[in-house]
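Across the two complexes that follow, subunit A remains constant while its partner is subunit B and subsequently subunit C.
Our next item is the complex of A and B:
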């Protein structure tokens, strides 16, 4: 687990899906398919990611491939952080 | 478009396949299926089922993700004369096992993986596991069937026309803690399909989005009315359903012309789909049902998407759509709440007071529903069926909806609320009593009560008050795990509050009003 996946996993466990408290959320655990992130939870998660990591996620980036797993979310956050560093 | 005179739903598919065999009937993430392929494949499945002795008077489960294969299974089951029973692939196996046993399924159509997960939960004798290709499947073995390889069968199964024969059974939440099966006949389903095809002028050029799962009766419109006219039914991909931008992109790319869903799906599209940036010019009709559409969001949607005609449809699973309200064109102002409209042709509705008399215009009463769309009854539950129906002023059979409505001056009705402890969560009807009964069985609880909380999507979330046994502290995580194993995800409460006792009324009943007042102080984070 990493500095990105740990807080995201904590947020999912405590705020979005209390039912996952006993689960080990591995980087490839299917968050969407297992129902841990649902329609309302998805946009709460987006807000959390933006606030926590200081990034801006655009509507067209909120797609299955970016939110399917913790690893996918991490990749999205890293990419957003890098692109904002490169920007002047 | 005129439909054939028939008493069998599958005759609608036969006719469309004969008229336009190469037209696209279905589309899912994996590909498309022509009318000819859908017809032939479901013929083959029907013959395979009949070879196993399955047919009239029996029931066959569909335990598949929404896909072309699931629709082949649906028509295959209808063609052999049996009724189909859709099982939600996302529900826990223990709850599905209750349905499988209650419906006494003769066979269960699934794939190897899904059947492996479910069959161990069933007591003897389990239904015959069958693949969509019609093979009896051994557990752990998947069939190597190729969807588009379907030679014609030499003798297609004859369709036995028997109007009162059951077409499908849909399970809904029941207050006693066990799901109830709503049994619908071919005649009732056909009455709805005939009305929908005419009312919405459905035609072969239409492309309907199927967003509801098979166990939700909104899918009857997309699949049966769409197939009846030879239109294309595009199944919303699971990877896009939750993601409004991706869904809007798909709607544009698929040139969807007819959309039917619960309001919350449309509200997500409105808030997060960036609808104005997509070309949704093909969309001519937007239908919604299942829960009230908050007026502010509905008006915003009509502004962002002024092209389509909008309808608010209303009807419990027991009747399918019984009233319809066409929204005024051009974004003209709506009354609050958005009305549910007047009875569709073939149906009658009455708003009655507690003495059984019609209420005056402007007054509220409970909605009673009669007509050609009524269910036959709750499967295998004569007492519950008898309690659900009564006789109307003209001696007709009426279903008591439990919904409170206001009679409007224009002749229609508006939905006001529920009479009892039933709520809607994400469009699903939930008996709070079913959740409470599950919790009551927990060895460390004296009891529990569940109340709805409003959420920011205009929907409802669930809050559970629970009373632990003295000296037996129980973790919330444990209660959630307990519910997850017994209830579908939408029925598992999100908020939990321990209390020493539940408030009771003077008659000793659970004081729901007081609980709701307590819950009003708790906000959904």
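Our next item is the complex of A and C:
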């Protein structure tokens, strides 16, 4: 686990899906398909990621490929952090 | 209670969409004013709710109150299409909480009362006549008058949420309401006392058993009304709601008076064999027939600077899978989220309304694909719908797929899954 996936996993376990308390959330655990991040949780997760990692998530980025797993979320956060560093 | 001159958010309409949006926004600490032209409780149609409703009730903090009311818990749906009966049992898809059959006057009144208890200012008997929006960050002016009076007044706010139902106030005002000309239908419905009902295993039960043995919503197509006329049977606590969805063309030339509608309605009910059997021990409640000319429509733009559209004000579809209220609640949650974010970060207001609009449009498009027999949509809408299906958990996906099969309309949904 990493500095990105750890806090995201914590947030999912404590805030979005209390039923997942005992689950080991591996980087490729299917968060969406298993229902841990549902249609309401997705909005809250966007707020969490923005506030925690200082990124701006846009409408076209809220798709399955960016939120399917912890690994996918990490890749999105890293990409957003790099692109904002390069911005003037 | 006087209506204030300004607030953070004005919500037009106190139905499920408006009541939940007001609840979520009030719970986030915003000053919310709800205006509804009617006085609650008021009757409306749409009595069958799928189990997804609990997610939104939980988020709104209203679950205990809904449970305490003791609405009829339903186990699933029985769908008889072209003579073939299919069962959709929520339990088979892993749902642990029941779906509901609700009297909408009680259900909606609980939600609106709850909004008030969470801090929203609710004003009933107030008709909104006009909304003036300007650019991002500019105040929105909402003009209103007491229903039945000419005395105009106005309130200024930062955001307006149009949850005005089929009045679709903002979309009509902007001329962006798109009728689905191919799907012009009307609902004709009424109530029966002491009618029998079907449980999810297909067994027949008497009205007195409805709180003991969970009923199923029974729907069947009406064979000679094209490929999208159908009928519902929803067992409630004190009576049974029976309704027809009828293409407008099928009743062309009929006299527009209650007696004619009643005659047509009862004749149709008698012609559907299984329905007629269920209704046989019961009695039609005289005068209970009502009609709504609900054309299928969508509002082209779901949000803009200072405004959001949710519930039936955003769009109305064929109600076959009972998703109307849940879709309304989803819109309420999404709009409240986007408005809360925008109030915290005004410079990103455009981003947040794009997120809201994409999510809601995609979800509406999925429902449209499930509901309509012949179906076409734009490439953009199709992409949004495919994204939403992918963002749906496996259990709900399986239920949607089974539902699309049950009404012999699987091709639209299969195309979204591809």
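Keep in mind that, in the parts below, the second predicted complex is superposed on the first by the 88 of 88 C-alpha atoms of A that agree within 3 Å, B and C clash if a C-alpha of one lies under 4 Å from a C-alpha of the other, contacts with A are read in each partner's own complex, and residues count from 1 in each chain.
Throughout what follows, a contact is a pair of C-beta atoms (placed from the backbone, for glycine too) under 8 Å apart; a residue touches a chain by one contact, two chains touch by 3 or more.
Treat the numbers as computed from the prediction; the structure is a model and nothing was measured.
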Subunit C versus subunit B on the shared subunit A, clash or fit after superposition: clash
Which superposed partner A:38 touches (first subunit B, second subunit C, both, neither): both
Subunit B versus subunit C as contact partner of A:56, first or second or both or neither: second
Contacts of A:47 with subunit B and subunit C, given as first, second, both or neither: second
Partner chain(s) touched by A:15 [first = subunit B, second = subunit C, both, neither]: first
Overlapping contact positions on subunit A, where the subunit C interface meets the subunit B interface: 32-33, 35, 38-40, 42-44, 59-60, 62-64, 67
Subunit C - residues contacting subunit A, complex: 55-56, 59, 330, 333-334, 337, 341, 348, 351, 354-355, 357-359, 363, 387, 390-396
Touch list for subunit B against partner subunit A, complex: 90, 238-240, 242-246, 264, 268, 271-274, 426, 455-457, 459, 461, 476-477, 480-481, 483-484, 489, 492, 494, 496, 525
Subunit B partner contacts - residues on subunit A that touch it in the complex: 15, 18-19, 21-22, 32-33, 35, 37-40, 42-44, 59-60, 62-64, 67
Complex interface listing, subunit A residues touching subunit C: 32-35, 38-40, 42-44, 46-47, 56-60, 62-64, 67
